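Right after this note come the structures.
Each of the next two complexes has chain A plus one other chain: chain B in the first, chain C in the second.
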Partner chain A sequence: MDTLLIAMFEILSFGAIVVLVVLGLGIIASMMGIFNFAQGEFVLLGAYVTYLVHSLGLPVPLGMLVAPVAVGALGFVLEKVVVRRFYAAPIVAMLGTYALGLIIREAVRGLTGGLYLSVPEPISGSIMIGGLHFAAWRSVIVIITLLVMAASHALLAHTSFGLRVRASLENPQLARASGISTGMIYSVTFAFGAALAGLAGALIVPVFSLFADLGIRFLIQGFVAVMVGGVGSFAGPVAGASVIGTFSAWLPWLMSPVIADVLVFVLAIIFIKFRPQGLISGRGVNR
Partner chain B sequence: MINANRQLSRRRFLGNFAFASAAIAAGPGSWVIRPDWANAAEGPIRLGIATDLTGSLGFAGNTDANVARMLVKEINDSGGLLGRPIELLIEDTASDESVAVGNVRKLIQRDKVDLVIGGISSSMRNAIKDVIISRGKTLYIYPEGYEGKECTPSLFCTGPVPAQNCDQFIPWLIENGGKRFALPGSNYVWPQTINAYARKVIQSSGGEVVFEEYYPLDQIDFSSTVNRIISNKVDVVFNAIVPPGVSPFFKQLYQAGFSKNGGRLGCVYYDENFLEMNQAHEIEGLASSLDYYKVLAAEDPVSARIQSAYDKQFPAKFRFSAGSAATGTYRGLKLWEAAVKEAGTIDRDAVAAALDHAKIAEGPGGPAEMAPGKRHCRMKMYIGVAKGGQYEIVARSAGLVDPKEC
Partner chain C sequence: MSSTGTGIQPPPRVIEAARSPLMASAFAGRKKVLPILELALLIAASIAPLVLRDYITVYATRVLILCLFALSFDLVWGYAGILSLGQSLFFGMAGYGVALLSRDFGVGSIFAVLPAGTLIGFVAALLLAGFLLLGRHPSSVVFVSLGTMTGAYAADRLARGSHYLGGQNGIPSIQPMTIGSHELSEGPGFYYLVLAILVLIYLLSRFLLRSQFGLALAGLRENEQRIAFFGYKVQHLKAIIFAISGAIAGTAGSLYAFHEGFVWTNMLGVVMSTQVVLYVLFGGSGTLIGAVIGTAIVEGLSFWLSDNYRDIWPIILGVLLLLVILFRPLGLISLVLGERDRVGHFGPSLKEKRNAAP
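Presenting the complex of A and B:
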């Protein structure tokens, strides 16, 4: 019973981490049709900004607030300068964003000297409930993930900005004819996705420590999650991320971790073979 | 469209072509450090360093290149070897075996070096040793601590191997931790080989292995492992998980109360570079077994001299530490220097014959010598325990420890 509770908590918290990382990726993929291969490095950059603020002697939570803003701003600039040239050619966009990611990754590697650096949790230690330890910071991540998810959904589904984003996605010509600056909408959406990645990086860096390859693992997991969940909707990638995160944290409890690691991908491939549209098909925010 | 004004003109093509050929000729990631004096008759002795200056092992490779720079400068300043200066040629192996083979070939075929020191991971050593030894007919020194079993002629290993890591360390862990061991490791050759060796020593020392398990190299969540460790009442975690997994693993162990309830962490490769990976309180009491720690400088004047000379020349972030192969590189180069002096030539077989029994009286952590016929190095070993983000030396070998290889 105790083990079951701990297992459930650990699986839930890792699932939340994956959802948090995938959220930005999913929004960019679904709303803009761009598979952003630099998303993992946006996560890394968020982690790096948090470390930087910490190393300047400022409090870590401040770093966690600065990170999404800084990464979002960079995302905005990159969209204006690089990414928008690729909307007509999604395959080239993958290569282009991969190149951007490579540059960010190697730059961070240079700045950190290739070392692994720790950032303390703002809330450390464990919560004890009846002799069971629950890592406090992981609980905070679960809560923040739920909040961010709800806020992102509200933003896209219930605000006028969200309406414009959806309009630009559904029918760019008509949106432009209606006086919406689709170019600006794309920039802001991309920046928003990047900011979410930056926030994810800032929140997970105390758990995994900062290192240059932090983003890669999540990038691959993130793409599998988006494929399984289905591109085009808001809920799809989130559902996919929950499934992938849960499976990758749960399977090692049952079998050898090396087999579990492969099995997640095998299951994902089989699933996509039989349901290529993913868990949730359709486009838009509310479907 | 975007490409309309970017058509390839002849001028543009020639420009690109010239740039590309210049880049290929110079070779990305090549450095040549020429001596400031020359021996007119014979020219310099050429020393090749092939190490990971970029990529995931860059933090270690840059340290090794720096150690070579420091030692070559020392040797050249004191009159060179056999009256000839040493020219240092550094190639980047980029933590990538396919890049490495091409770059090492440059060292061998174009630069015709007399010795190659380098390679950090075992896969790198396996990728480049053939280029150096069989086809290149050149001597090769591998400086990193590794899993052992490398018995190729003309290949000399100067880092610690499992016998040196474990023979003293595991009885210490049993005494200062307990008898029930867990052997978690990353899924590749080094953890599997060292765990197989550790298991033998654990059993012969009266301990027992509760479980041994391997993980994908990039796994970063270890909740099921931590749970097994806690619920099986493991006393000692003998860790062979490597970065990036090791930091979240230690953190999760700490959060589950492992060390608070008297558990002991042991990890043979953990040097000063890794102490920053976790917050100090998370790895308090972690024990590691290495051939050198920076704190030795406080008691050993030779180590102090080497450490301060390095820190003065290279104050940047690449630290002189055992796990980076800095000590192996130092020993390798000095042993080779002694061998060349004895042989009186730089002919490969003559130097190899002399290197087979070479000794140095002074090195980081103490003297060192090659075990004759084994091509592995005898060295002193130390057990360090992390206290407040620093290592404290708690035990040391009586003399030089035999590698028991080949």
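Presenting the complex of A and C:
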């Protein structure tokens, strides 16, 4: 019973990490119709900023606050300068963001010297509940993920900004005619997605340590999750991320980690093959 | 026009027109850029080992092998619009395959290993294409790119974890390739062998792409739906070209394994797939020569620059790639080559057709 609970917690916390990574990717893919191949590197960048703040001798939580802001700002600029040219051609967008990701990844590789760098957990130790130990930092990640998810959903579904985002997506011409600056909405949405990735990177860097290829793994995982969940809705990517996260955390208990890692992806690809619209097919907001 | 995936029969009138010498002269003038470029490169490549120092010839051999690999990616992305982000899967699998043949069975004869590598690439690509491309629902570009990328990532992970395949270190010290009793080690001999294979495969690809099959592929890249409405089996066309490109990647992979003398996991994984995308986008996808030029330029630059700017070279490369995608989406080749040359042509020119019309 106890090991089961511990296992459940492991699965939950890992699932939360995947959800956090995927949320930004899903929002950009669903709301803007662009598959952002640089998203993994935004995660990496968030992790790097946190490390940078830590290495300056400042407290780690401060770095975690700075990271989403910095990455979001970068996302805003990149959207204005580069990504905006790609809206007409989503496939070129994949290649373009791929190139952006390459630049960020290699820059970080140069800056870290190709090493594995670690950042301490801001809250170490464990929480005791009913005689069981739960890693404190992982609990924090779970809680923050839930909060971020709720906040993102509220932002998109219940605020006037969210309404304008959805309007710009569904009918850009009409949105512009109604006085909505669609260009600005796209920039802000992209920045928001980037900021979420930055936050994800900042939160997970104590767990995974910082290395240049951190992003690639999460990129594939994120894409698979978005496709499994279904592009176009808010719930789709979250559902996909939960499924992928659960399997990624659960299968290593049954078999060797390498096989498990590969098996999750292969199963996911097979699932997408036979159900291309994903778990939750888009309701009106897909394109 | 009715046709099946494999047996696309052009109407006879078109064949005649294509063969008539008149047509060649009809396209005189700017049309000649492509053959001149190809010939110039061939001559340059043929005399290169005579003027270059030996260690550069060895490097040039590697570049030629990578050119072959780039060709394979260009066929699927530049011609059929399949974004294969896992092209290294076939490259690496063939490399590992021939390395195992050499290690466990002592087979090193070029007449055994090259066909074996090509076959491995072909079969692997055919299986993957059968899964990713065929089926009731047409697959989206995103799905295919994700599927191929996952394939490469999975192979990389498995090879890293496998004791049999040497884990992280790969398979070191492969025996040299042999032709009869002659051992082929790196140097001018190997260079000319690779050059000959590259030219042969280049010509075969060129022939294939200038056929109706190639035009159907180009049409598929430009407007898939319209080609489907014409009655082509779009998915079959894609699967065929994907398998062919896998075979070419397999040839390149087995040559690479014997040239370097070892195989390691990067050959299979995302690193190598990224490289090949870089080469082709840089040079210009949709022209065979663009892939070759892109590989030569990227590898050439990295040879000269990486000594002095080792740390920032990958960043420069990324920036260059981004600039090319933004401002020259058709690659560097589009600086000298017109759109008409790139798309290719078949049958008489418009003007001729108008005159010939009854």
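Simple rule for what comes next: the second predicted complex is superposed on the first by the 278 of 287 C-alpha atoms of A that agree within 3 Å, B and C clash if a C-alpha of one lies under 4 Å from a C-alpha of the other, contacts with A are read in each partner's own complex, and residues count from 1 in each chain.
Going forward, a residue touches a chain if its C-beta (ideal position, glycine included) is under 8 Å from a C-beta of that chain, and two chains touch if they have at least 3 such contacts.
All values reported here derive from a predicted model rather than from experimental measurement.
Participant: Please determine, from the superposition on chain A, whether chain B and chain C clash or fit.
Facilitator: Once both complexes are aligned on chain A, chain B and chain C clash.
Participant: Given the touch rule stated above, what does A:I6 touch, chain B (first), chain C (second), both, or neither?
Facilitator: first
Participant: Under the stated touch criterion, which partner chain does A:R176 make contact with: chain B (first), chain C (second), both, or neither?
Facilitator: So A:R176 meets neither chain B nor chain C here.
Participant: If you stack the two complexes on chain A, which partner ends up touching A:R84: first (chain B), second (chain C), both, or neither?
Facilitator: Neither partner.
Participant: Using the touch definition from the top, say if A:S126 reaches chain B (first), chain C (second), both or neither.
Facilitator: first
Participant: In the superposed arrangement, does A:F208 touch chain B (first), chain C (second), both or neither?
Facilitator: First partner only, chain B.
Participant: With the two complexes superposed on chain A, say which partner A:H153 touches: chain B (first), chain C (second), both, or neither.
Facilitator: It touches nothing on chain B or chain C.
Participant: Using the superposition on chain A described above, determine whether A:V258 touches chain B (first), chain C (second), both, or neither.
Facilitator: both
Participant: A:S118 in the overlay: touching chain B, chain C, both, or neither? Say first, second, both or neither.
Facilitator: In the superposed model, A:S118 contacts chain B only, not chain C.
Participant: With the two complexes superposed on chain A, say which partner A:I216 touches: chain B (first), chain C (second), both, or neither.
Facilitator: Both chain B and chain C are touched by A:I216.
Participant: Can you tell which stretch of chain C collides with chain B among 25-33, 223-231, 241-249 or 295-303?
Facilitator: The stretch that clashes with chain B is 295-303.
Participant: Just which bits of chain A does chain B share with chain C as contact spots?
Facilitator: Residues common to the chain A contacts of chain C and of chain B are 85, 106, 109, 216, 256, 258, 261, listed in rising order.
Participant: Taking the touch rule as given, give the residues of chain B at its contact with chain A in the complex, in rising order.
Facilitator: Going through chain B, the ones touching chain A are 1-2, 54, 56-59, 62, 187, 213-216, 218-221, 223-225, 227, 231, 243-244, 247-248, 251-252, 255-257, 273-274, 276-279, 316-318.
Participant: Under the definition above, what is the set of chain C residues touching chain A in their complex?
Facilitator: Going by the criterion above, the answer is residues 81, 83, 131-132, 135, 137, 139-143, 145-147, 149-150, 153-154, 157-158, 160-161, 270, 274, 277, 281, 311-312, 314-315, 317-319, 321-322, 325-326, 329.
Participant: Can you list the chain A residues touching chain C in their complex?
Facilitator: Chain A reaches chain C through residues 35, 82, 85, 91-92, 94-96, 98-100, 102-103, 106-107, 109-110, 216, 220, 223-224, 227, 256, 258-259, 261-262, 265-266, 269, 272-273, 276.
Participant: Any idea which chain A residues touch chain B in the complex?
Facilitator: Per the stated touch rule, the residues are 3, 6-7, 10-11, 14, 85, 88, 106, 109, 113-118, 120, 125-126, 133, 135, 207-209, 211-214, 216-217, 248-249, 252-253, 256-258, 261.
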